[in-house]
Amino acid sequence: MDGMTDSGLLSPVWAGSRVAAVTSDEAWLRAMLDVEAALARAQAELGEIPAGAAERIGEVAATLTVDLTELAREARQSANPVVPLVARLRAAVGEEHAGHVHRGATSQDILDTATALVTRRAVEIVRADLRTVMAGLAELAHEHRHTPMAARTLGRRALPTTFGLRAATWLAGVLDTDGRLARPRLPVQLGGAAGTLAGYGPRALELAELVAAGLGLPAAPVPWQSERSMVAELGSALAGVTGALGKIATDVVLLAQDEVGELAESSLGSSSAMPHKRNPALSVLIRSAALQVASYAQVLAAAQLGELDRAAGAWQAEWQPLRECLRLAGGAAHTAAELVSGLKVFPKRMRANAEGLPGDVGAAAELVDRILAGYRNRSRTGAEFTSS
Amino acid sequence: MDGMTDSGLLSPVWAGSRVAAVTSDEAWLRAMLDVEAALARAQAELGEIPAGAAERIGEVAATLTVDLTELAREARQSANPVVPLVARLRAAVGEEHAGHVHRGATSQDILDTATALVTRRAVEIVRADLRTVMAGLAELAHEHRHTPMAARTLGRRALPTTFGLRAATWLAGVLDTDGRLARPRLPVQLGGAAGTLAGYGPRALELAELVAAGLGLPAAPVPWQSERSMVAELGSALAGVTGALGKIATDVVLLAQDEVGELAESSLGSSSAMPHKRNPALSVLIRSAALQVASYAQVLAAAQLGELDRAAGAWQAEWQPLRECLRLAGGAAHTAAELVSGLKVFPKRMRANAEGLPGDVGAAAELVDRILAGYRNRSRTGAEFTSS
Amino acid sequence: MDGMTDSGLLSPVWAGSRVAAVTSDEAWLRAMLDVEAALARAQAELGEIPAGAAERIGEVAATLTVDLTELAREARQSANPVVPLVARLRAAVGEEHAGHVHRGATSQDILDTATALVTRRAVEIVRADLRTVMAGLAELAHEHRHTPMAARTLGRRALPTTFGLRAATWLAGVLDTDGRLARPRLPVQLGGAAGTLAGYGPRALELAELVAAGLGLPAAPVPWQSERSMVAELGSALAGVTGALGKIATDVVLLAQDEVGELAESSLGSSSAMPHKRNPALSVLIRSAALQVASYAQVLAAAQLGELDRAAGAWQAEWQPLRECLRLAGGAAHTAAELVSGLKVFPKRMRANAEGLPGDVGAAAELVDRILAGYRNRSRTGAEFTSS
Amino acid sequence: MDGMTDSGLLSPVWAGSRVAAVTSDEAWLRAMLDVEAALARAQAELGEIPAGAAERIGEVAATLTVDLTELAREARQSANPVVPLVARLRAAVGEEHAGHVHRGATSQDILDTATALVTRRAVEIVRADLRTVMAGLAELAHEHRHTPMAARTLGRRALPTTFGLRAATWLAGVLDTDGRLARPRLPVQLGGAAGTLAGYGPRALELAELVAAGLGLPAAPVPWQSERSMVAELGSALAGVTGALGKIATDVVLLAQDEVGELAESSLGSSSAMPHKRNPALSVLIRSAALQVASYAQVLAAAQLGELDRAAGAWQAEWQPLRECLRLAGGAAHTAAELVSGLKVFPKRMRANAEGLPGDVGAAAELVDRILAGYRNRSRTGAEFTSS
């Protein structure tokens, strides 16, 4: 592997997280092999290839080991990694069944469907962490329903508010963006070389449904090989989530300033030069993610303009920024769960800093109740909490 | 006004369009005045200010003329245009009622609610144009359900497809992104200086609902002054729509190349140097929009990180890029309606260019039917076609 | 003009500024007419058109009034405003000389050269304001060479530094980015329809030099109609400048917080809800610009990928974001000059906030001296201060 | 490593390239250790730590092996990887000398200086590949100085040009952007916790120069820990280079279309579904990079706004996008060298496609000569070719 790796050294926000594990090159490789296996199984079910071939392909796909660096290097020749992977899979399957591998498929079918699989797993993890974040915020909002603090606008103290309303507003942002993230579910991609499913035979539409069922993915009404708005939507939903978490982190950094002192992170973020200085390290990590994701999502949005039936560059430009969006959103969610659950609140300091501000906290408590009611309602019905 | 204007000279894609008219500075000004009037009316209804005051404020707001350049210049002092506008409105209302103007409100209440009004009007126009685009695409898809043409991947001819499937895939993209655009509906903003509604009195929540009703806007469960995910979502939805239209334009440019000759725009885009050369001017305009909007939407996404209860820069950075997103999406939709309705299709050339390609068009016709069925179903039920 | 205008209502950072005046639609129109006149003059000088024609064209170009909204609307037909402008110019020049208008030229020649003119004027204004900013920062750095204050890292007090070093570091950023802005100087564009200068006759290269001299622009070694790296570089230089100013504004907002109280803006940024609250309005304006420009510069960078000899969308997508970069950088520089010259420094508070921090201010004073020496040296030699 | 790796599977444009090797996590780790060693050596030279300590630190730093995934995970606690790395280095150095490790330094000193080292190596590689690209383009320009082909504007054939002029224009873009890339040279970072060099002792400025000399990096006049315009400039220069290469790739894809047939890539980009179809795979790879880099550079530009003396998120957000800019620019340059050196030109087809176009090729040959003269002049003097 000599020197080719990214282990998260430059992205501690996701280092060691579950989302990093399910979005690695290895994970993408396994997903591509899973798709080849599912395709063969579905083709066998329709009698288009022998059952033994599908079985053999499935076995080999499940166990094939591949030197990823080498595969990546070979991917240069066709500008995608599926061509060399299929060659290896065919070789490993053996001469008898090699011809049944990747039958009717085009590289994009395999890679897009693998991306759908990877994405589904990653989004599930992100949303699980968001649930933890929301539960923690709901608790804070409830507990501090009446804790007065200064509202600050344009950097200056304005009027009193409550910490409960602040936490509830954070919660509203996470709720909203989690709802957005629940929507775009990448489906199976089965289009064949031209997006017409030609090559998959006369029962191609049935085949597509079988593959989808086999992989637990939504069936696509039509191939999306050249219609990429779903990918763009997914990217922007991930940016939305990370932005909502980044908003929390921004506020924590500001409220944890020495001169303000209203919040602190539980963990003692340490400094290499000043061992006794407590840094809001988790918030910094979350912000480092939030300051990136919107730009990666922009790459995905721009990729909607790809040419004709398979873009010459725009499709290929999606892969890495989509992974970054998933990893960074996942890292931010994971880190926010840690941040929120350990957040230290200093009501006395809040009260002191709010002293002398004119006016009262208005409808702050009612607003908290509204947000909490909305949150509880969604939690109970699970309305937005399953990706159904 | 001397020299301060942007009339669309550098943005012909929206020049002279309806969406340009409803997103001008004048439109924003009128919307801000409408909000002040609606607030006063609602406060009068609750007995918080005299009915006569509300009436007077409404009259003046409806007719007040303001030198926009001067107002903009004065806006520098407070970093927003509401402060000097309120000063003028108070002066015009007269001493007796001046104290009832803008009662309890903060600048952001007025500007955000005005933005919600402007956005609603602009989105309605965009979506009306999208309906025309979709109807035209549906017709093309139906008419050319069996017209063979070459599928082109990575710039090279691959296998046969049909023009019907191409048009239907374009339609699928517009349908999908129009659906996204239907979702984020900016609500009324009524938070007061701290987002607690303090200043609006004991019946503030009721007041917020009255104002919403008066303006025909959704009521916000809670103030969104510091929780901007909706604005980000709106921006990305506008980028999605423009991207789906940009995809069509990209394909038209490529298929209208001399050497391909399968499509042409109806209007004769003229050249200042070569009067007889026909340029795909409408497609170029649409692409000029699509190549910008995703980046402006990125600014909106990044603005989610604004500080505490009113951001010192991030909120103010939203205004112009949001307008650009609206104008460019509107211009692209308007131009796409013109493009699609006049698109010239050359089936003979398509057939000739597809000759010799191996294989058949697979399930192209069924895929077209699926997309058209989905489109008709939505049209009939209006599911996504009203912003309800 | 009914409702088509942008007078800066949503961009108070540049409202009423000199840079806004020289980047308006009107300014671009005048520049395009100037280019047509300069072309005719040069052609007359080479004997390619009658001297009387050039004179007539020059006179008409200098005085022609055009309804910009109408022109913009007509620009849709050719996807650029030059075609309808030339038609008007020809009509106004009269039948005798009409044929000598725009001879050999293509729309892009006129528009790009006009952009070079507009850009030169705008950059001069930006840089003049930057000189004021730098002079003010140099003064602050010198005056507070020994004023201790807390350094703050990751939002927390760290060790002592000096306000002089902070101001000097701000200065270093402006110096550096002003130097970058001095480099990319858009030259005259004279390529003709194909970028070969065909159409301009046998002395085309000579002609190009004459036009450049006539307009006071650099001559381009070769046409840049399809090689847009200079535009991208200009955009990123403007982003650099705005970023360096945005950095200052960010720090001012933080140091002007009530709880910190080490700096204040001279002007009393007012609030519509809280008349007595002092907002750092100038810093907010500067930040509103800085949070946008990098994204507009990204559009310009992406436009380098335009197709073949004139891009179908990417060129046209440059116009508005380049103007925004110019206007926002100009507005930020203009506002920063105001901010810096009026900045109130509270050394007592700085000292108090730094109390108890371990260690000394290290080499802060020497570092200040270095930066000031570099600044003075450049000022004296004018090294980077003329766009030579 | 289980599942944490990025080996380029999703970025074949740089997979297996030299630039990938010098920008890996391992490379960054080694660079950080090199910086610690150089610091110790310089401190020993000044007599601030014992010579034996520096020797021991140097030995250990050169050979220390670290589990990168574990280190990355531990980096979460301080939001940067230097803190846990220093702990390991100290432990490995042994109790006697541990106290001399990282003396006076802050994490940012080490990481920024390591970034400067990594960047220098990567930029050298990029520029070496650019030299190959330029040599190949110069040859093509010379050889095809008189080869006529159609100029194409807005996707349509316009007038004749030559392939020589096209190649020369590509060359001009690479020359220009390579010149930009030669400028921003990240210097050593030595600021200490507060950017004042406090902690490095009374001879800190001398120390900084020794460290710079030891590492072969430019000395920084002042610390750049909070003044990040150089990083932004570097990012935009990398975007410029990649854009200039992306422009070439865009044109190749268009001219390699079946219907145009004027160019072809030498390598046979293969398709998993259509083995006999030749894809412009190298151009697609280059475009995949170019469609990303401008957005990553935008993240770096936005990071200029970081807060006070060390940003809480913006600094940390630079690391990964800077690596991506380096890797993608490097991959694009590497791939472009392969593309250009193997490009197949079909002059007959060019001639045929240009037939019937009105006019001649104007000054195309002179323009080619100008560009080649500029190129040769720079090559000879090496003006821009050394990073001096």
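A few notes on this one:
Each chain gets a letter, A, B, C and D, in the order it is written, and its residues are counted from 1.
Keep in mind that, in the parts below, contacts are C-beta pairs under 8 Å (C-beta built on N, C-alpha and C of every residue); 3 or more make two chains touch, one makes a residue touch a chain.
Fair warning: this is a prediction, and the values are worked out from it, not measured in the lab.
Across B-D and A-D, it is A-D that has more C-beta pairs touching.
Summarising the inter-chain layout, the chain whose CA centre lies farthest from the centre of subunit D is B.
Between subunit A and subunit D, the centres computed from C-alpha atoms are 28 Å apart.
Once the centre of each chain is set as its mean CA position, subunit B and subunit D turn out to be 38 Å apart.
Contact of a single residue of subunit D with at least two other chains is seen at positions 79, 152-155, 158-159, 192-193, 199, 246, 250, 253-254, 269, 271, 273-274, 279-281, 284, 287, 290-291, 295, 298, 302, 312.
On the subunit C side of its complex with subunit D, the touching residues are 79, 151-155, 158-162, 165, 168-170, 172-173, 176-177, 180, 192-200, 204-205, 221-223, 226-230, 232-233, 236, 239-240, 243-244, 246-247, 250-251, 254-255, 287, 290-291, 293-295, 297-298, 301-302, 304-312, 359-364, 366-367, 370-371, 374. Against subunit D, the residues of subunit A that register as touching in their complex are 1-13, 15-16, 20-22, 24-29, 68-69, 71-73, 75-83, 86, 102, 104-107, 110, 192-193, 199, 246, 249-250, 253, 267, 269-274, 279-292, 295-296, 298-299, 302-303, 312-314, 316-317, 319-321, 323-324, 335.
Subunit D makes touch with subunit B in their complex at residues 152-159, 253-254, 256-260, 269, 271, 273-274, 277-281, 284, 295, 298, 302, 353, 358.
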